[in-house]
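The following pair of complexes shares a single chain, subunit A, combined with subunit B in the former and subunit C in the latter.
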Partner chain A sequence: MSGTATAAGDTVPGPKGGPRTAASGDGARAPRGPRPGRTALFLLAPGALALLFTYAMPLVWVVRMALNEPLDGGAIRQTLTFGTFTQVLRDGHYWKVIGQTLQLGVLVTVFTLLLAYPVALFLARTTSRWRSLLMALAVAPLLISSVARTFGWMAILGNQGLINKTLQALALTDGPLPLANNMTGVVIASVEIYMPFAILAMISGFGRLEPELERAAASLGANRLAVLRRVVLPLTLPGVLTAALLVFVLSLSGYVTPRLIGGGRVFVLATEIYDEAITSLNWPVAAVLSVLLLVLFGIVIVLYQRAQRALERRFTGEKGASR
Partner chain B sequence: MAEPTAPAAATPAAGGSPAGHLTLEGLTKTYPGQHGAAVRGIDLSVERGSMLAVLGPSGCGKSTTLRMIAGLVAPTAGRVLVDGRDITGIPVHRRDMGMVFQSYALFPHLDVARNVAFGLEMRKVSRSERARRVAEALDLVRLGHLADRRIAQLSGGQQQRVALARALVVRPTLLLLDEPLSNLDAQLRGEMRDEIRRIQQETGITAVFVTHDQHEALSMADRVAVLAQGRLEQIGTPEDVYERPAGRFVARFVGRANLIEGTVAGADGPRTVVELPGVGRVSALGEPRPAGARAAVLLRPHRIALAPATADGPAAGVPDGSSAAPLRGTVLSAGYSGESLAYRIRVGAAGPVLDVERPAGPEATHAPGTEVLLTWDASAARLVDAAEDDRAGADSAPGAADAVPAAAAPHGVTP
Partner chain C sequence: MNTHPAGRILRAVLLTLLYLFLLAPIIVVFVESFDDSTYLRFPPEGFTLDAYRQVFANADFRSGIQVSAVTAAVTTLLALVTGVPAALALTRLRFRGRDAVESAFLSPLLVPHIVLGLALLVLFAPIPLTDTYWGLILAHLGVTVPYVVRTVSAALAGADPRAEEAARTLGAGRFTVLRRVTLPAALPGLVSGAIIAFLLSFDETVISLFVSGQSTRPLPVAVLQYVEYRSDPSIAALSVCLVLLSVAAVVVVERSLGLRRSLRS
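Right, the complex of A and B next:
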């Protein structure tokens, strides 16, 4: 999504007022913490500038584009209207896309968490001397581009793929199972692709899990299931929550896997934005969809922060929520 | 909690067990890949309703021993018996032991009351009964007013009390405490020491606690087991262990000690006379040894009395007759610590250096360089092994560190 915006940003210069507002917004945040010294500001400058040009400006440009009116044949009328928003929100097709995006996000998040949790728990608790190696193995898939991994999944899940050929050779199924070119395939591949992220996020959030607490629970009469349910699970919840946020956001914006494995039959916001911008040349609609995706992210992040704060209060017992 | 014993799950073996409530038989733990055993064949028993302190330096296997009793560590060999019943194979969660961990190991996601209620919930105790017993346990540790606090909001001492309440509320067969006071500051430690002792006596529970602190062990326990390098060096009452140490290690680890090396010269009734180089002949109590054997005499710093050496004979107030003839010594240093004065005194011209501790106040202070007379009560000198069979590696004993120079000095004098 942001890639599209950046590429387009080169051709149309953004409105002058936009970047400055974003910049002053960044500047206003600084005095909140301890006052940064001259060196700190100097060191922050390159990153801040890079963010300004690659993130803030294109973002403002996308919002601006969403307020334009699309004309036939890819032409755009510069104006300030919510007409495109109304047009998109009135169209049932886009609601279906949004629904499918959320459905994919929820399914992928649930299955990724279910599969990653035991791995993360094992890696966090093991005292084996192979621990570093196992950690490296768990995140090794990140070394391979997700495009390559998606192609790998196509070879496995397709009608002529490994699974279907094996099943048919064993005469277990009559025809090929529909594992690719649909939601099932996209979920399977996405889960595998996001698992390393989930594992890393979980482990980093498992700091409260101390082996002594499990021993204490056992000494009080808790069997292994009770220890898991009453001690391990509550203490690892912050890590699970962080992983959930990460995976959900990643899969909401995921493009490669839905496009390749979906086989043109799974419509999500990311693929739809691409189609509108590149195929239909309807930039205002693409921009509106991008803004809608951003709004979704915003909602998700607010929900996450609330949940995280509620969890934090459970540990500290402080009533007032602080940032 | 109010009713003393009545352990929930312990099924007393027929015929009872005069041996004790808890018995360890040849308990051994060897960790794979580790040189030597962590715990080597420990045999001991704890009487019902009494408190045993397992005392030893770090790495002596005391925590491992406690964890084997709790079921958290599986022994390599040996048995753990409760009321004569072998529980070695029973997993932790069915052992019915109340354990207080060094780090307290309180559940950070639960409030104080829920922490205490945890064991009751695991035992499926009804809600009303649970509430009653949690309140009772919190009252016992004087924390009734903090029931709805989070663990993070409690001080170290309060956390310690919650940990105690949580372990006791289930009315366990045994109360096990792993270094219960080590995470508290000095003042709280004294307070909790009395508190734990009070609670143990009030509930009449059989308790085992592990510590590296001899003061804790001596002041809290009915019996003290001293461990060194995985072996049980001695088990006895605090007086036994302190006054009649079984060996050099115990002598130096429990309390401060002057150990003066020498040769057995003969017997004097029940006493043994030892020739100490630079000191002379000293008679000591202890297991008799043949003449010519190497041995050491133990003198506790506070059992040595001092008097100014200006007078011709021993000064007034120093017990005479029952002790050896007064020794002459030179004060090397005098350290004031409020309650007492710690002297280092060289005996004779080139004799051993002794640690002497005198209460500050009533006696005149002996300045460094002055000559003093040293005397001690007949019962103060104890015979222990010489340094050759120092198998316990007393160098690892922190409590003995300050006494080492005194014990080491004679080496230079002995032929």
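Right, the complex of A and C next:
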């Protein structure tokens, strides 16, 4: 079938005498031109060039910047030294920043997973006719600028905000609860902002979840809790893991929410990178912090891949045992 | 599934609360946009459309909308021009190192925007490309191309290559096949890739913070800098306008694509 296709196609002259010459290289698996290598190069070149200039080169430049030495007043001495790295790693302030970044990442990830899981599970299993509407509502916040949503949270969490006004109207508290300009507020707002990502990631990872399995377990006498713990949870674990990676990585590098809700009192790597680069004009230190953030990302992704492989092994192992 | 009515009610209450939490800031922003006070408070005590008038009276927001719209339009065009051929090569051709090339094309998705923003500043500042339209467009291109490659690849992978083979059998040239068979089949992917690219660029905040300046300040940066020092309902009004805009874009495209698809079958 494919052979005839190319043979017939070759009787028609190629457009502008393109690179198509003979049908010799055409196999059944490559129905396209005879030299896929050259065509691929031609097709990939524009995108590769774009990413080279807007992604690869900047990253090389920032790593190079980390090896320079900052001088007073924003001046930079071109050199090749790890001096800036050791300067940063010896400074207790930066360790505190790294610690807060990790703390924020862990707290946000745990709460986001806890809140997103019931929604994702419901959306994955429901047969309701409202399903597509509920699905759209769950991911609708993604369409809205995170600046706008963070602003909404300022209106809820601020001293004059919804929560504090309600509490005071009910005379439950004397003064306003400190919900903004601190870590608590940043965690609450971040959880909401990353929930749609988590829900999407979970649902796409819930492929193994089949209602038949739950029904089978129930008919074999398992109660609802046992079904959830022994059937549903293990089957949805891959989706939860992907969501965890996504949320953790996003919250490690988030900038808008810590800056706006943090009110200048929550210091994480992202706000620190911006302040060093733009306010202090200390590009080498900003670059060092960026490299540290990338290293952190690398570690997290390696851990994720290990966990994924372990999970995969357990699944195939169980399958092998049951056969 | 659920046999106990109590369990079913409990589940409904839990889901309602979770949805309320998820949608809380949007609801608050919507209500807040009609408030008549000059500072942030909730619930509002008066009703007015002043905030909407303020948005369009604010020169920073007006120029921000223009900068963001131009940047997003050009970025989308460039992302399609560079991303679609790459997606074609990755899904329709077999060549050595295909998997490596694919992960290279998707790898910008893994780099935090705060790092990419600083990196682009370090590269662009000496050229100088900072505080220019081209600087912004190129900065946004790096983060939009992977999304275009991914959505178009997914659409192409879903389209049946046998239709293309059949067209070749019937004597169509390679360009004709591409124009008349392959690209129409991938049209939904192309359109959603374009929308994602446009919205990403229009909404891009962190990277823009590093490479934009006084003369080219995109809307999200203008809003962020405004919110930092003042918080009044005009930001809420602006947010509502933006939400309506993006919802309208999605609905229009969904409708037109759906219509097209139903016409063809």
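In this text, the second predicted complex is superposed on the first by the 275 of 323 C-alpha atoms of A that agree within 3 Å, B and C clash if a C-alpha of one lies under 4 Å from a C-alpha of the other, contacts with A are read in each partner's own complex, and residues count from 1 in each chain.
In this section, a residue touches a chain if its C-beta (ideal position, glycine included) is under 8 Å from a C-beta of that chain, and two chains touch if they have at least 3 such contacts.
A quick note: this is a predicted structure, and the numbers were derived from the prediction, not measured.
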Partner chain(s) touched by A:37 [first = subunit B, second = subunit C, both, neither]: second
First, second, both or neither for A:316, with subunit B first and subunit C second: first
Contacts of A:222 with subunit B and subunit C, given as first, second, both or neither: first
Touched partner set for A:231, first subunit B, second subunit C, both or neither: first
Winner by number of subunit A residues touched, once subunit B and subunit C are compared: C
Subunit B versus subunit C as contact partner of A:129, first or second or both or neither: neither
Which of subunit B and subunit C A:145 touches, first, second, both or neither: second
Partner chain in contact with A:212 - subunit B first, subunit C second, else both or neither: first
Touching both subunit B and subunit C, residues of subunit A: none
Residue ranges of subunit A in contact with subunit C within the complex: 1-2, 4-6, 8-9, 11-15, 18, 20, 29-33, 36-37, 39-40, 42-44, 46-51, 53-55, 57-59, 61-62, 65, 115, 118-119, 122, 125, 134, 137-138, 140-141, 143-156, 158, 160-162, 165, 189, 192, 195-196, 211, 214, 224, 249, 252-253, 255-256, 259-260, 269-270, 273-274, 277-278, 283, 286-287, 290, 293-294, 297, 301
Complex interface listing, subunit B residues touching subunit A: 70-72, 91-99, 101, 103, 105-109, 111, 118-119, 121-123, 149-150, 152-153, 166-167, 170
For the subunit C and subunit A complex, residues of the former touching the latter: 1, 7, 11, 14-15, 18-19, 21-29, 32, 39-43, 78, 81-83, 85-86, 88-90, 92-96, 98, 101, 104-105, 107-108, 110-116, 118-123, 138-139, 141-142, 145, 149, 161, 164-166, 168-176, 199, 203, 205-206, 209-210, 220, 223-224, 227-228, 231, 235-236, 238-239, 242-243, 246-247, 250
Complex interface listing, subunit A residues touching subunit B: 208, 210, 212-213, 215-223, 226, 230-231, 234-235, 314-317
